[in-house]
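Several structures are given next for inspection.
In the two complexes that follow, chain A is the common piece, with chain B as its partner first and chain C second.
And then the complex of A and B:
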């Protein structure tokens, strides 16, 4: 792909550990994020464009509960997930009865409301500066990630160090392991769920909501459940992104983020949770790898170029493998 | 509002004295200025095969949608097995034992035939998340029962070789059969079929009709079906309900309906011709 322009491209980054650790953490976090989209779009047939909103809720709520309220990190996470589910019900109850495209518009508006609230409710969220720590007293600050770094440091000195991975470039390895452990567990659980009678109803609603209703299935209730699960996964991803960045800034929850999720979905294939993992790794390898290309362009142009490349990959995929990496072609063709 | 006693509304010389399973009284449904259903009344005797006919735009499908909860009626009385189902939601009505099919078949294309069938089975605890987690064994056991029953039914409908194929790969006629078989998985006491014969070849059509008669015979399933094929209507129904312009104009056994001048007018004459009793248009705008 690089022989068109005479460029000096160094591919050294591909052998750097911290590059791959970074890529896989992002892929894991956005994998969780996209699992939610998968159950909505791939299994229930509802178009959720507001996943970034649930991520924002997860991130802000876990930080606020930890830092402002002073709850333990895990309790904060659990509460944040509940808040996201409540928000999901709030948006779903009035709008899930609408046609799919109206619902999509409502969700994108919802996500922007959350983000802009985060940007402007400075007292609570830190606004554009973000919220990391609250100085309770002059001498003692409380950081959101305090609890995590205790664990992470322990793992670093007791497990990683003895096996020779104690260097600074491996510092994020514990987070990588945790994110992927959670991701894999979620993939297994969701796979079991969608293969159950419950999942069969979801797929029926995806195929034809009226047919499902005519057979005695309360389609609306199932759509709400699907959305709640997506909201939980979005919140979980939000929690991890807050841990990773050690701060929460509204910029991370731009609507674009939801569409990165959709790109992962298309790459990996619809109705495949394992495909989400594959798609997330591919996408983030491309997006992060492009940072290291030594192009004679400004940083902003390179940033734009990243998405042009993603677009080209998606177009190529549509042409040669429309079902994505792990999607089922039959379901894709027969769905129409 | 469960008035099961008298359905005296407008039933001239009705069926064989069986109690009605479905009673429709003065049902109205309008879309904007159009009264798609305008005061329709009739009842369907339990265990009967009743045909619903009428020219295009008479309101037959709209009435189906109203009765099965897909449209909310403006007013009127709809009772199933003596209980009002007015304004109830589709899944509630289906669970009560009244299941419908659609004019344009709704095979769940990207699901295997067997999943189409198993989906329709009632009383599957595994369809609820809490029960699925708390009692996985109950769910699995029910799946086994349902799976066996689905295979039996598929065999009866000659679809068992297709069990693992995607429903989207079936032919049009096979889809119609699948839709009927799937409706039966729901263990209905009454089935509403919207143009079951449309677009299927005569052999498959005959088989579908045979199934209908068998089910009525063996399981006392009541059928109400919309149909345009007059041979089917005349030869396979006990009762015929004729609709025109949103109202029921005639109801009776096939041979009587065939001769009725009002029916002939409705089919041939259009709006102006002869519509003695339904006051068109200004009748009862809400």
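And then the complex of A and C:
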């Protein structure tokens, strides 16, 4: 069959439950990640290219607090978010006063410093292999994901098993449910936030920073707050990535990750949190769905095709529909 | 006691303020002074010989950083485009050279010339097919920024699709070295250094002395004003792309000749160092990018005397952030452009 139709889609894509659960976990995590970009770019008009750095901080700090310090997982997550916010302030305080394109370059440099630290500070992060979780497991049989698997196993045997979803291929359903629950809650909260008086100031800054200043608003403080929210969301996404992968590797935090977030952002549309969810699902379904195309190509060629597609999405949307699919044209301020 | 401390603090404050005032009036002198102090400290700690040796390595790296940075800064200055795809133009040039030098087996010099011409051609095609129509549409900064990133993805992965991910190298002499005064430099590295410096000087002369160079600087200064004085801006923009992309192609070939390793990520990995050079020298300022590139090459290699070599690239990111914090307009820039 595949000899006749080299491009035929293999039919097992319909039944690969664990595969698609994994894809939608990824979509949910990237959704959280991109919500942060949305509040920065879509609502405040600041171009944050360092979101992958906040994600890295969230992942590394959660694992370090849980495994090395021995704190409960949720406490570690809270601390990791605080660390990410502190990092956001550290980079935001000097560089948010700069022009938007300088800020973009400063933040990508910041994210790369974080990633290189993850790669090179072996004592702290386990280096390239990201082995802190494994090392500790050997010494004290303590895993980063221990706390989560207790919950997940309970859900598996008490909820999923009785309704007939007890098979191994559904094992990640609890994580999928949790990620998407958190994502939806965040979308609701952020929607309220941007409709509040605080959110109106944010949008005023996006439209015309000088006018907002003239009205007595401290634009700089609002921008810092917006960046802190993005940092928290990035850290949250990093936490979930660490739970999903059960370990942390710097390779997961390449600058590429931030730009996949931007592809999701413009796919869904600027100034729309619901659009982020749509964009994340579309992008990851397409990217991962390409695995089922029976292409007669090697793995690195397929990977290349996937990212060519991401690039074409960015170019095409920016050229022909810069507000994105669900974005509102009148809300689009792309900066001069 | 308290009052005394306060007074001392106040004096310190005013001394600091004076120092700051001096630094912002004479940025170049202060910066050179900082470099000299760092250099003297390193000589004192590590000895003149090892300092001179890493400085040679630093100048080699600096020469291709500078070549890349000039193209980046010219395009920014004239078109206000932060070209995130510039690093991948370096990669493109290097792969074209690989194709002609290794796959086809031509001499490196011919491969280099073809690579420069091909990269310049890609620059022109992208200007005509993408950037010029977007300028006509009055695209905003975010639009252009994300298009450049999309373009970077497409270029890098198209290269990966065709050439694969396995590391490549050019057919250059990797063994012979030249020794003088107890120092060594690889023969190829010496050629890279000389080529880099000669081309950099030629570009600087071209910008200063030829009417085309003056027109380019006029456009960078004030595009609309330059247009009203009768400069054919469309032509100058094309020349800018030829220069920017051509130099990127050359830099790509020199990087690979000097380091001996080429992957689809090579150029992107150099992009932030080039940004650092551009911002250090004052964004849009070609001479600044030239100096910034050399300084970054030097500081990266100097850092290996003090910290492990794997942190080398982090030095350029740190320089980038420090410059943005303390003097965002760069060493040669004026506050006006901020």
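Simple rule for what comes next: the second predicted complex is superposed on the first by the 301 of 336 C-alpha atoms of A that agree within 3 Å, B and C clash if a C-alpha of one lies under 4 Å from a C-alpha of the other, contacts with A are read in each partner's own complex, and residues count from 1 in each chain.
Just so we're on the same page, a contact is a pair of C-beta atoms (placed from the backbone, for glycine too) under 8 Å apart; a residue touches a chain by one contact, two chains touch by 3 or more.
Source: prediction; values computed, not measured.
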Touched partner set for A:154, first chain B, second chain C, both or neither: neither
Which of chain B and chain C A:208 touches, first, second, both or neither: first
Contacts of A:259 with chain B and chain C, given as first, second, both or neither: second
Partner chain in contact with A:17 - chain B first, chain C second, else both or neither: neither
Per-residue touch tally on chain A - higher for chain B or for chain C: C
Which of chain B and chain C A:104 touches, first, second, both or neither: second
Contacts of A:95 with chain B and chain C, given as first, second, both or neither: second
Contacts on chain A seen with chain B and repeated with chain C across the two complexes: 333-336
Partner chain C, residues of chain A touching it in the complex: 41, 47, 91, 94-95, 98-102, 104-106, 108-110, 112-113, 116-117, 119-120, 259, 262, 266, 298, 300-301, 303-308, 310-315, 318-319, 322, 333-336
Contacting residues of chain B [partner chain A, same complex]: 68, 70, 89-91, 94-95, 99-102, 106, 108-111, 115, 118-120, 122, 124, 126-129, 132, 139, 142-143, 166-169, 182-183, 186
Complex interface listing, chain C residues touching chain A: 82, 130, 133-134, 139-147, 149-154, 156-158, 160-161, 164-165, 272, 275-276, 279, 283, 308, 310-311, 313-314, 317-318, 320-321, 324-325, 328, 338
Chain A - residues contacting chain B, complex: 193, 196-198, 200-201, 203-204, 206-208, 210-219, 225, 330-331, 333-336
